[in-house]
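Each structure below is given as structure tokens.
Next, two complexes with subunit A in common: one pairs it with subunit B, the other with subunit C.
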Partner chain A sequence: MLEHHVIILLMIAGAIVAMELEDMLSSVIALGAVGIGLTLEFLLLRAPDLAITQLVVEILSLIILIRATVGVKLPPEKVKGRIGYFLFAVVFVVAFLVFSYRALGALPAFGSPIMKMGSLYVKEALAKTGAANIVSAVILDFRGYDTLGEATILFTSVIGVLAIVRKVGRKP
Partner chain B sequence: MRQESGMTLIVKRITRITVSLIFLFGVYIMLHGHLTPGGGFAGGVIIALSFIHLVLAFGKKAALKRISETTISAFESIGGVFFWSIALGGLLFSGVYFLNFLPKGEAFSLFSAGTIVFCNIAIFLKVGAGLFAIFVALAFLRMPDEKEEGGKAA
Partner chain C sequence: MSLYALCFILFSIGLYCLLVKRNLVKKIIGLGIAEYAVNLFFILLGFKENAEAPIIDKYAATQNFVDPLPQALILTSIVIGLGVMAVMVAISVRIYEKYRTFDIREIRRLKG
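Take a look at the complex of A and B:
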């Protein structure tokens, strides 16, 4: 468990650094540290499929973010210390912690196999689909409908990006 | 003159060697998605990364001359329609949406797992083309050479 805690602490530190830095490029690089930590965490939890996908997506988003933020100087935004914002933040954080404490307390212990559907998938995936990689068997056969929705989300996001940054109608 | 399109000669030379290897690795990850970790999504992202590699090294014009934006969107649409038609094929041939209607074959061999291979190929086309389109749209928002073709409506 120690390595999980170390990696998670590093990820939290990277996220805080990314929030606090004023240089955009440094923030993007600190965000990359968070992604690499997540990849290592997936690898330690023995999910190589997720680790591969997370790593390549992280590289892609890092390239896009660097390419899109290089040379961009956002003026540092100073929020005046209003008491209302502070109180709202405190109330929100306290409520979040209370609810997550109760919700996490109701969960089963870390890594204990209790899943009914999951054990069914594990037992019957090879016989029913013939795929040796059980992750592929689940996402493309048992849960193919979910994957269709995911593909639709990607399609919609591409349409949205192309609609926002299209050349027609943009002033130089 | 040379600096205007892409990076230096060293980067271009290395890119010529590595980009096809990255492309092949993406295809490998995709085709073995039902046997080893990976699959259509990871393979598609790797393919998109290989094209992004090409664009970053050689500049927008030289890279997009080979593969135009129309081709990219055509590939993405083909991937989406292919995936959906696999789902419809399950409905058509065996009455259940998304049923694995092809013969399963021998386990642990390359030609096994019925429709999963074709689903991987469809997802691969879709993700690769879609992410590359997003990159081209987002990353070249303020390229200096964009002004030259600014009058041409896309």
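Take a look at the complex of A and C:
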């Protein structure tokens, strides 16, 4: 129980560092630290598939973000005229926290999930699909159309990135 | 319960970063933090005390698993997050090449 608290507090600290640092490369690397903390937390929460995927995605997104920040020189940020934005954002975030704190009472307690659909999957996965890993049985068999949609989105985003960054055929 | 509250705090840090910062890369980082918090919240909801990872073992015949459904959904969500981040970074790099800045107040050549 305590280890979850420690890791999530470390993630919060990393997120604050990533938000407040001036240097963009440093804040991108702090975001990587938050992602590695999330990987550890997935391992502790008995989700090894998610931990593997999160590690790979974390490394890839770190590389992509470093491509955006390397060689960039920015003047220091001016701070005038932002008190209105600041107050608006603080009010918005505090309202979100108050509402979510009120909603906490309706959730099931930590460590005892409802598992209305999950228990059905656990019972029938091996007999119906023959897969020993229940998560892969769900994503590839019970909810295969979701995975098809995911592959479509990934393909579309690759096409989008290629269309944005390519240089040939562009008029000066 | 306190774990859920910490998860909400992590989400609100990302939300604050998205609202207040004017650097495009900082905004992308804030969106990433909020996405991490949402993924973590779903997995926290599916956790079960003293249960195993949802992989059936022939030799240790137990049916006491954590909930596999949120894990399958979040597996999809993580990969989609990578695609969204790649598109955002590509647009930001193009904007930097054209305007030489990441500040959203300076990017207004189309305005008015």
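FYI, the second predicted complex is superposed on the first by the 156 of 172 C-alpha atoms of A that agree within 3 Å, B and C clash if a C-alpha of one lies under 4 Å from a C-alpha of the other, contacts with A are read in each partner's own complex, and residues count from 1 in each chain.
In this section, contacts are C-beta pairs under 8 Å (C-beta built on N, C-alpha and C of every residue); 3 or more make two chains touch, one makes a residue touch a chain.
Predicted, not measured: the structure shown is a model, and the values here were computed from it.
Legend: residue contacts after superposition of the two complexes on their common chain; A:40 is shown touching neither subunit B nor subunit C. Of the two partner chains placed by the overlay, subunit B and subunit C both lie in contact with A:154.
By the document's definition of touching, both partners, subunit B and subunit C, reach A:133. Looking at the shared chain after the overlay, A:144 reaches subunit B, while subunit C stays out of its contact range. Contacts of A:64 after superposition on the shared chain: both subunit B and subunit C are touched.
In the superposed model, A:121 makes contact with subunit C only, not with subunit B.
Of the two partner chains placed by superposition, only subunit C is touched by A:8; subunit B is not.
When the two complexes are overlaid on their common chain A, residue A:53 makes contact with subunit B and with subunit C alike.
In the superposition on chain A, A:100 makes contact with subunit C only, while subunit B stays out of contact range. More subunit A residues lie in contact with C than with the other chain of the pair subunit B and subunit C. Common to the subunit B and subunit C contact sets on subunit A are residues 48-49, 53, 57, 60, 64, 67-68, 126, 132-133, 135, 137, 139, 147, 154, 157-158, 161, 165. Residue ranges of subunit A in contact with subunit C, taken from their complex: 4-5, 8-9, 11-12, 15-16, 18-19, 24, 27-28, 31, 34-35, 38, 41-42, 45-50, 53-54, 57, 60-61, 64-65, 67-69, 72, 74, 77, 82, 85-86, 88-90, 92-93, 96-97, 100-101, 104, 107-113, 115, 117-118, 121-123, 125-126, 132-135, 137-139, 143, 146-147, 150, 153-154, 156-158, 160-161, 164-165. Taken together, the subunit C residues at the contact with subunit A in this complex read 1-17, 19-23, 25-26, 28-30, 32-33, 36, 39-40, 43-49, 51-57, 63, 65-69, 71-76, 78-87, 89-94, 96, 101-103.
Across the complex, subunit B is touched by residues 48-49, 51-53, 56-57, 59-60, 63-64, 67-68, 71, 126, 128-133, 135-137, 139-141, 144-145, 147-148, 151-152, 154-155, 157-158, 161-162, 165-168, 172 of subunit A. Subunit B meets subunit A in the complex at residues 29, 33-42, 45-46, 48-49, 52, 56, 76, 79-80, 83-84, 87, 97-98, 100, 104-108, 112-116, 119-120, 123, 126-127, 130-131, 133-135, 137-139, 141-142, 147, 150, 152-154.
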